[in-house]
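Both complexes below contain chain A, partnered by chain B and then by chain C.
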Partner chain A sequence: MKPSKIILFILLTGAALSFLYPFYWMILASLTPESQIGELRVAPKELTFSNYALMFSKIPIWRSLLNSTIVASASTLGVLIFGSMTGYALAKLRFKGRDLLFFVIIFTMTLPFQISLIPNYILMVKFGWVDTMAALIVPALNNAFAILMFRQTFKSIPDDLIDAARVDGCGEMRIIYQILWPNIIPTIITVAIITFMSSWNDVLWPLIVIRNEHLMTMPQLVTLFAVGGRAEAQLGVKLASAVLLALPIIIAYSIFQKYFIQSMASTGLKS
Partner chain B sequence: MAAIKFERVSKVYGKIPAVKDADFEIRDKEFMVLVGPSGCGKSTLLRMIAGLEEISSGSLFIDDKLVNGLPPKDRDIAIVFQNYALYPHMTAFDNLAFGLKIRGLSKKEIKIKVDEAARILEIESLLDRKPKAMSGGQRQRVAIGRAIVRNPKVFLFDEPLSNLDAKLRGQMRIEIARLHQKLRTTIVYVTHDQVEAMTLGDRIAVMNKGEILQIDTPNNLYAHPKNLFVAGFIGMPPMNFVEGRIGKDQEGLYFQDHSKTLLARTPKRPELEPYLDRELTMGIRPEHIHPYPAKGVVHYAAFQAHIQFVERLGHESFAFSTLQDQQIVARLTPEETVEPLSEMALYFEIEKMHFFDKGTGEAVTGD
Partner chain C sequence: MEYVGLDNFFRLFQDRLFWKAILNTLLFLLVHIPLQIVVALALAYFLTQKIFIRGFFRASFFLPVVISGVVVTILWQQLYGLESGLINRILISLGLGRVEWLTNWRVAMTSIAIMATWKNVGLYVILFLVGLQTVPTSYYEAADVEGATAWQKFRYITLPAINPTIFMVVILSTIGGFSLFIEPYIMTGGGPLNSTLSAMLYIYKQAFEYYHMGYSATLGLFFALLIMVVVVVQKYTIEKEDI
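Up next is the complex of A and B:
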């Protein structure tokens, strides 16, 4: 191997370690008795699950895991269904104001979420959805990013394919889900991964609309637990909850690694 | 029985007319070719028959039934697209079966029909393959299979051969003609290729700028073009055009080009009389120009030409010269030898000249 390559690999390994070390430390610290966390370097002197036991006793973490799974899955499914319907209409159907509508939708992407936070909250109050899962799921059933992704992908599909399906007897729904979906799997996976991740990691919106501990999502519960004083300033317990929070995404990543990288590359987004 | 009738059918995109007042009938079992340059509205007309394009005004009848508002699936038509439009995620079998499945046929019926279509098109060995694993020609066969499997009343072909190479195009052309003989169904075929139009069509509709300029049999279109556009569009190489004037002397009427290089006496063309002292465009097909007087032809107009170059194709050759800055092409038989860069007389058969009104472009006379 050339010396220049060896140097490159050393540098890359260093960079990778600098990213991995905090995770390693977090997992290790969560397994270390509170008193020893301060001295923790690379290997612990003693391992314990007491931090986890304490966390389980204090907060309904399994319940929040279930809630998060329900919310993220339902929103992802919704975004795939409704996002592709909207994207299809904007790409392939002809109606007045179509392009204007698309630009308005794109424009909403430039607005920070915080701007619509209060109006959305008021809406939730009026619908009587505060402290229900509907407040977490319904507003997340479609989004501008998914619409943009589906529209662009559908635009690249020849109209003749859709016309052939129409002549074969397909309605618009069948065209989207039976003819187009099987041909845009990379886009579906990209949208699904990004939607699932952003829903999973969302803290602010759940904090606003959910107060009942049994309806809380995992990040919300963990955040409240870590900064809300219930962890009693114990770092080990906070880190144990952080590990549990990161775990599903790490598992998902290891399964869908290929698509994760593809989707990040294809969207040019950093998550 | 599936005749298609257009009654003053128009299509407008915003303010741009794509088809203007189409008013004609495609007879039952007829092979009708719509031909014209890109953007002439031929595909739009076809898509209106399919129901893929709304009709802005007028009425469209299939089998005497008004179909203006009828969705494509209820028109009993099938369409073959230029880019095949096969479902990429399905095998050839599933592509053929899809339309039948939606129509609720049983698996057994579907299998029988797909096998029959596959047998007709000789694509049995492709049925397990997905479109990606097929060549262009194979895909086109499967696309035709998808059309015939439903046994529709009308077949629509939208430039189906333009993505194929020249050799395959020739083969498929013959197969489509054979298919028409076998199925005896109404076919509407859109193309910009006049060879396809001439060889396939029972009748041809020539379109330009959204208008149908002439509908006729291939031979009639070639021999009796109704206007300048049709005359120039049908025929390869195209008809030669020379602008000039009708005059009269003691010998009678004559046509003379503006540079006075060519003089054609036209005693047998009384229809030119009203055009005396007026400008006309004369058209003559390349095969009616010869390097010497041909046997049995009495009336000639000759001019001294400078042969610029000669294209030799073996069975024939084309000699290029100019008259009044207009290119003149003569189609020559292998016996009629001409050398490039030579000076020689070219003989125009007067009987075969076409004359067109310079203002309207309409033909003044036939042969």
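Up next is the complex of A and C:
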């Protein structure tokens, strides 16, 4: 190996360590007795689950895990179903006002979300949806990004395929889900990963519409636990709740790492 | 509902805390964006070389991107700890003094910007990687024949070629930076001395701590317009800049 390659390798290893080591440290610290966290570097002197036990006794973390799973799964499913319906209509059907509608959808994408945050909350109040799962799920059932992704992908599929399906007596629904879906798997994966992740990691919207502890999503509960006094300034307990919040995504990421990177990069490139 | 006309807008212009929050957010962007571009570009450039376990490096840079900002903030709150924080312990063991990362009002926003860069840089590494791969290798070969230095090659071949990527990174991190909320919410609550109070955090507080819904909506509208103006200005300056 050339010397320049070795220097490069050392630099990259240093960078990788600075991204990985803090997470490694966090997991270890959550398993270390509070008094020893201050000295922790590579391996703890003794391991304990007391931080986790204390956290379980203070907050309904399993309930919030269930809530987050329900909310993220439901909105992902909704975005896949309704997003592909909308995208299909905009790409393949001819109707009056289609281009205007498409323009409006693109326009909403360019608006910063700050503009609609409070009005959306007031809407939830008027619907009586504050402190219900509906406030978390229903507004997330479709979004402009998914519509755009599906529209672009459907555009690249030849009309012949759809016409042939129509001749065979397929309705529009069957065309979308049975004929077209198998041809657009990469788009489905991308939209699913992006939607699921942004739902799983979102914390501002839940903070606004949910007050009941048993309906809170996991990032919300962990946030309020860390900010409020209930962690009693105990670092290990806070870190334990953070580890539990990160774990599902870390596991999913280590298995589907390639898809995560591709999906996120493609959203950057699209916008 | 009572119609108040433009009262909320007059109030906004006299609200010194709101303007401070906007300045704080701009300060955050001023540190965050250049840092992000330099670090992402450097790491992406390293990754274009043929090197052992390149995929692993790429995946590890990307890990913080997929992890919740809540986790990252709780983690960094500890890393930034004054006495037992990992970063200060490393600094002290290197013989350097400790830094008041979160307790000094001059430093706190920069600390948050460094953390945000750490969290997001992996995404921009990937975007730059895609950009760098579009530069034809024949350009570099031609430059080698002419005897160009590494810096000249970077300045006159790479940089112009990835200008669209730089533009995208600036826009994406501007939009992301303007929504800075959960990091100061968890880490500092906006303090010390309101130095990390971001505009988004202030809008949230107006609505859900002081229950000024109408005023908060006005702030949101005004802030959104400001974001759009900044993005449009960026668009024209970067596109004009023929580097």
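As a working rule, the second predicted complex is superposed on the first by the 266 of 271 C-alpha atoms of A that agree within 3 Å, B and C clash if a C-alpha of one lies under 4 Å from a C-alpha of the other, contacts with A are read in each partner's own complex, and residues count from 1 in each chain.
The working rule: contacts are C-beta pairs under 8 Å (C-beta built on N, C-alpha and C of every residue); 3 or more make two chains touch, one makes a residue touch a chain.
Here the structure is a predicted model, which means the values were calculated and not measured.
By the touch criterion stated above, A:I179 is placed in contact with chain B alone, chain C being left untouched. The partner of chain A that touches more of its residues, comparing chain B with chain C, is C. When the two structures are aligned on the shared chain, A:P158 is found in touch with chain B, with no touch to chain C. Contacts of A:G97 after superposition on the shared chain: neither chain B nor chain C is touched. Looking at the shared chain after the overlay, A:G14 reaches neither chain B nor chain C. Touch criterion not met for A:G229: it reaches neither chain B nor chain C. Of the two partner chains, chain B is the only one that A:D168 touches; chain C does not reach it. When the two structures are aligned on the shared chain, A:P3 is found in touch with neither chain B nor chain C.
Chain A makes touch with chain B in their complex at residues 158, 160-161, 163-170, 174, 179, 182-183. Residue ranges of chain C in contact with chain A, taken from their complex: 43, 46-47, 49, 51-52, 56-71, 74-79, 83-84, 86, 118, 122-123, 126-127, 130, 168, 172, 175, 178-179, 181-182, 185-186, 189, 200, 203-204, 207-208, 213, 216-217, 220-221, 223-224, 227-228.
Looking at the complex, you find that chain A touches chain C at residues 5, 8-9, 11-12, 15-16, 18-20, 22-23, 25-26, 29, 37-38, 110-119, 121-122, 197, 200-201, 203-204, 207-208, 219, 222-223, 226-227, 235, 238-239, 241-243, 245-246, 249-250, 253, 257, 260-261, 264-265, 268-269, 271. Contact residues of chain B toward chain A in the complex are 47, 50-52, 71-73, 77-79, 81-83, 85-89, 98-99, 102-103, 146, 158.
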